[in-house]
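In the part that follows, the structures are each spelled out as structure tokens.
First chain A sits with chain B, and in the next complex the same chain sits with chain C.
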Partner chain A sequence: MSNEVTESISSDNPTAKAFTLTSAFWFAAATSLGMIGAGYLIAPDFMANIEYIHFGRVRPMHINAVLFGFVTPGLLAAAFYYFPRLLRTELFSQKLGVFSAIFWNITVAAGIIGISIGHTQGREYAELPWIVDIMVVICFALVVFNILMTIRQRKESILFVSIWYTTAAVVLTSITYCLGNVIWKPDTGALLGIPDAIVLWFYGHNIFGLLLTPMGLAVAYYVLPIATRSPLYSHTLSLLGFWSLIIVYTHIGTHHLLQVPVPTWLKTISIVDSVAMVIPVMIVLINLWYTVKGKLGDIHADIGAKFVFTGTIYYFFVNIQGSMMALPHVQRITHFNNWVVGHAHIGVLGFAGVTALGGLYFILPRITGKPLYSKFLADVQYWLVLIGITGFALVLTTVGLIQGNAWYNGETLYRTLPEIQPYYILRASLGTLIMIGAYIGLYNVIRSLYFNRGASI
Partner chain B sequence: MYYPYFIAYMAAGFVISIVVFFWALNNGQFKDQQRARYIPLESDLNTKPVKASRFARIETIALFSLVCIVLATSVAVVVFALVKAVR
Partner chain C sequence: MRMTPTVIIVGILALLAAITLTVVYWPYATRDITPSEIFRERSSIENTGRKIYLQNGCVYCHSQSIRSIDWGHGAERIAQSGDYIADEPIALGSQRTGVDLSQEGGEHPDDWHIAHFINPRYTRPSSIMPPFQWLAMERIETLTRYIQGLGLKDADRRMERQIYWKQEAIKAYEAGPEQNAKWLSEIVPEGWRNIPNPYPTTDASLHRGQKIYQNFCIGCHGPIGDGMGPAQPWIYPPPLNFTILKDRGISGGILYYQIMNGITGSAMPYFKRDLESQKIWEVGDYVAVYFINQSDANTEPRGIDAAWEP
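Entry: the complex of A and B
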């Protein structure tokens, strides 16, 4: 396969630019909503008279903005950059790509506004009202069509592992989203009783396991070899990791329901597979870390790769946590309290979000043809986010431990509240760092995309 | 009746996975794995080598320390939970 084909691929990529801007904008919006939520946790009457941003509404607004506004579009922006490169062809349709980015923004905005004015289906990660559910499915269908057609017209016969991961992610999520949101019941968006809990958590965990994780890993598999100018340690191993992730990760959602009367066999499967997640995780990390072995200097010189590599460390951390938390004895202390909130932040922001930011910074110079507007600002954002998320891990773990221990000992809830308030203040402070980082990132992205006076690369 | 949807979903997932796997097998996706390792590098020929700096080394150590702190916290909680459970 000749290199001329790669060289001839247009660097002008409006789809990647549109998704980059989408991600940067919603990161700032989502962290702002998160800060309002953090305010309520310190002072329950904080902005209490404004019903549109009451805690019960602002929390799902924050979560949906992060999942569907910030992280997924960020990872998609990188995907729309590396798909043509890895397949040695142009993207099937840039117009369709830009349209899907615009429609994506309309969908997320509709969902956030919908929840804000009280239209929620009240199920965690599946709060979006039915009409927005349909719009989300259309968004994914547009992306699926575009990338499948790009694969079809490829000039590179072998599909690199990033292609496998991202294609599987968007195809599976477009189907899983329908099931998890019980899309065939527009009035409630829910089943009845225990089956609803099972299907909800099957879907809920697969938003992380079959959407964010594979797309994040796809970015890491693309960025790290290029940044270190090293071939991937083993492509065979990466494919083994991909197929084992597909087999194992799909079953673990019920580990959120170990203290609920769901069938024991289902709990057993979820625990066994949660622990078995060590296999695909270690395959990925051995592969990536051996690829970059001895070249950490190269990674730290490239701000995109620095974010992505940090994401792999948090990937290791969040998965070891996940496997351990699925053990029933551990879960008695760690579940239904802030430990899980910490775990979710480490996973969605520490791994997937940080990797998405890495993807954005990696592709920005390549799609604009100019260096990043400010590497310094990107570095500042890196440290703000890193300190914020590491602090989150510490603080929320501690609070979770206090709450879990109190519950385990049968203490009354209100007795723990004065004890945990200082931690909530710390949490809001750390959240402020992340929010400032998000706004700095938005400024840097806008300047890099549209107002960058730097010389061309 | 909820389970027909579950069964339909599982059947669809199973069939799609098997079909895709055998397509990949017959299409030669598991062959020529040595060349596959280089595909990202061939897709980006413009990335230049960089010089390692002292600041980068300090940054690496700081990052590693942060990771150790987080890991130590996690291990401590798990040990604590297990000790509680045994009691």
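Entry: the complex of A and C
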């Protein structure tokens, strides 16, 4: 850690620890919920007639647990570690940080239990009932306040790229969350008719574009240069990548609605910008990959950096795929089927989730002052998640092509169901690997945080 | 460019404001709220049913948006923005793990839906929808009202047809097997009634017919064709007991027509979209051979034998 400026900053960081534990816990919980959903797809009478976990409820529970329980807190844990380091100051308030982590868990739990007992607004990615929406906004506001105040008291005048991205992510998401959940209409949390779909997908895509992506990239920008002891390749590319991401990503939500009666000019904007996503993505990847060029050995040696670097490769895949999927001709086949489910898993788990795990493993030794409880278990988790998500990508893409082509050929949905069942079985098997990985990770995190007898670094 | 906190905060907020104005507010401000020709307001029970639909995540598997390319699903009516003007939230859906429902109203009579909610495999053996028996009868019936209104005015027209023919089907059933068989024959257009199944019965055709029967028919008509499938307790008139049809003049053409077109009013759906011609002839012959024990396959008038016939 010789490159880091550590001399004046306390290594005790209860906020980062609290968010680390939050993320590891919800990863295990969310994958368990996902497994229940996968079970229903194979055998719909499995756990039949249990109201609280039937497929229509367990699916949004899984998604909300992943987004707001696992990935966002995981990326925040790293942020609460690198903000003080990069700004050469203490975190504005550890008490506020720990409180926000606790409140975050209460919020996610309230949302999940709410959906489970039927309190949902029935809008994909915006299910949470109004009261929980308010709690989510408070969560983000607490984080925004803490990091802005930390920036204010900084002793380092230059702001590193990771600071830009994470600040933008939490500030903008506080706003888009309110917009997307139509928070000024507590009853339905929705607009009337087609505009509701437009605002929903503007927000829905920005959960990825303005929250998970910038925070994931922030972790990559922080971890990769330190792990390889290399300066960042280019400041200019960092700037271009940052501003082009904010501009381009926010335009593309309507590509979810290309086959729906929304204004054609809006569809055109979303298609053009979806293709243009190649620009912010490749700028950032060129910047990061050139930074670590020739130093893959260092990345391999650091389990945190290994996860993060893998995340950047998935970032490449998910975005090339995303640009392609926004083309209307491609979407005739890919829309409405498992291809999209595969795409979502590649993005949220393959890129953002894997990067969040990398952030956790990178900071754990640094916030506990001891080596990781088990590097072996972390490696096992790495391979389980990697095999799981790569398999997911292959299987779900295959199923999507089967479904999409059959429908486009004029076959009815019922005819395709028996064909795709074997793939649902494969998918659940691969999900089992990911879930086992999540539980191994949770065990490793708990041991590293609280029951680690290893010598101090 | 020097990235100070002010540059970052002011920059991102200005961009977000400008972009939100363009891609969210502008489409909202210029939205078209003209009702489409099928639009009508939902009744209060339909609205209650819609709440049950949203609460239970039906929207994650069922889209409500027929596209121009959905010709397999029967793009009789492609979605228009005027169909959705009363929907808050809109429930377009993003996945078709199950079928699109935007024109579902009146596709089936109520009892078909009730049996389907109790266990979807009762009426659709290859369905992967989980059972909704736990909703209990009151909510299942409310939800059914919503489903039967999907398609709005188009759905109302289909429902009128369902209700009229349900009365007729009940009358025929209650008049006894003889009358029922007669009614089932007479509702088929004259030309079809005199057509025997043009293809010979073979081991292979019976096996194929059995496979189709298991995937599409067994839930109502039961494994031995006596109409005692698991859906039977929920459906009235009950599923047809094929064994009563012997010596009652049921031709291959009648079986074909009824499978193809369904019997509107009864729970018997049409299968013309799910099954191609050969599959319909073969499942018809399977029923004739095994359950009616009387098949006219490959009898006169038979035309020229198809090239593949042995």
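One rule holds for everything that comes next: the second predicted complex is superposed on the first by the 451 of 457 C-alpha atoms of A that agree within 3 Å, B and C clash if a C-alpha of one lies under 4 Å from a C-alpha of the other, contacts with A are read in each partner's own complex, and residues count from 1 in each chain.
One rule holds in what follows: a contact is a pair of C-beta atoms (placed from the backbone, for glycine too) under 8 Å apart; a residue touches a chain by one contact, two chains touch by 3 or more.
Keep in mind that what you see is a predicted model, and the values were worked out from it rather than measured.
Undergrad: Both complexes share chain A, so when I overlay them there, do chain B and chain C fit or clash?
TA: With chain A aligned, chain B runs into chain C, so clash.
Undergrad: Examine A:Ala227 and indicate which partner it touches, taking first as chain B and second as chain C; both and neither are also allowed.
TA: It touches chain B, and chain C stays clear.
Undergrad: Just checking: does A:Asn49 make contact with chain B only, chain C only, both, or neither of them? Give me first, second, both or neither.
TA: Second partner only, chain C.
Undergrad: Could you tell me if A:Ile175 is touching chain B, chain C, both of them or neither one (first, second, both, neither)?
TA: Both partners.
Undergrad: Check the residue A:Ala393 against both partner chains and state whether it touches chain B (first), chain C (second), both, or neither.
TA: First partner only.
Undergrad: Regarding the shared-chain residue A:Ile320, is it in contact with chain B (first), chain C (second), both, or neither?
TA: first
Undergrad: Considering only the touch criterion stated at the top, classify A:Leu239 as touching first (chain B), second (chain C), both, or neither.
TA: A:Leu239: touches chain B and chain C.
Undergrad: Contacts for A:Arg332 in the overlay, against chain B (first) and chain C (second): which applies, first, second, both or neither?
TA: Both partners, chain B and chain C.
Undergrad: Between chain B (first) and chain C (second), which, if any, makes contact with A:Thr264: first, second, both or neither?
TA: Neither partner.
Undergrad: Quick one: from 8-16, 44-52 or 62-70, give me the piece of chain B that collides with chain C in the overlay.
TA: Here chain B runs into chain C along 8-16, and the other listed stretches stay clear.
Undergrad: Based on the A-chain superposition described above, do chain B and chain C contact any of the same residues on chain A, and if so which?
TA: After superposing on chain A, chain A residues 159, 171-172, 175, 179, 191-192, 195, 199, 239, 243, 246, 250, 332, 408 contact both chain B and chain C.
Undergrad: Could you list, by residue number, the parts of chain A that touch chain B in their complex?
TA: So the residues of chain A touching chain B come out as 1, 3, 6-7, 82, 85-86, 88, 156-162, 171-172, 175, 179, 184, 191-192, 195, 199, 221-222, 225-227, 229-236, 239, 243, 246, 250, 296-298, 300-302, 310, 313, 317, 320-321, 324, 329-330, 332-334, 339, 346, 366, 386-387, 390, 393-394, 397-398, 400-401, 404-405, 408, 457.
Undergrad: Which residues of chain C touch chain A in their complex?
TA: Counting only chain C, the residues touching chain A are 1, 3-5, 8-9, 11-13, 15-16, 19-20, 22-24, 27-28, 30-33, 53-61, 63, 65, 67-73, 79-81, 84-99, 119-121, 124, 126-134, 215-216, 273-274.
Undergrad: Would you pull the chain A residues touching chain C in the complex into a rising list?
TA: Touching chain C: residues 40-41, 44-45, 48-51, 54-57, 59-60, 118-124, 148, 151-152, 159, 164, 167-168, 171-172, 175-176, 179, 188-200, 202, 239, 243, 246-247, 250-251, 253-254, 256-257, 259-263, 266, 269-270, 332, 336-337, 340-341, 403, 407-415, 417-418, 421 of chain A.
Undergrad: Using the touch definition up top, name the residues of chain B that touch chain A in the complex.
TA: Result: residues 2-3, 5-6, 9, 12-13, 16-17, 21, 24, 28-30, 32-47, 49-53, 56-57, 59-60, 63, 66-67, 69-71, 73-74, 77-78, 80-82, 84-85 of chain B touch chain A.
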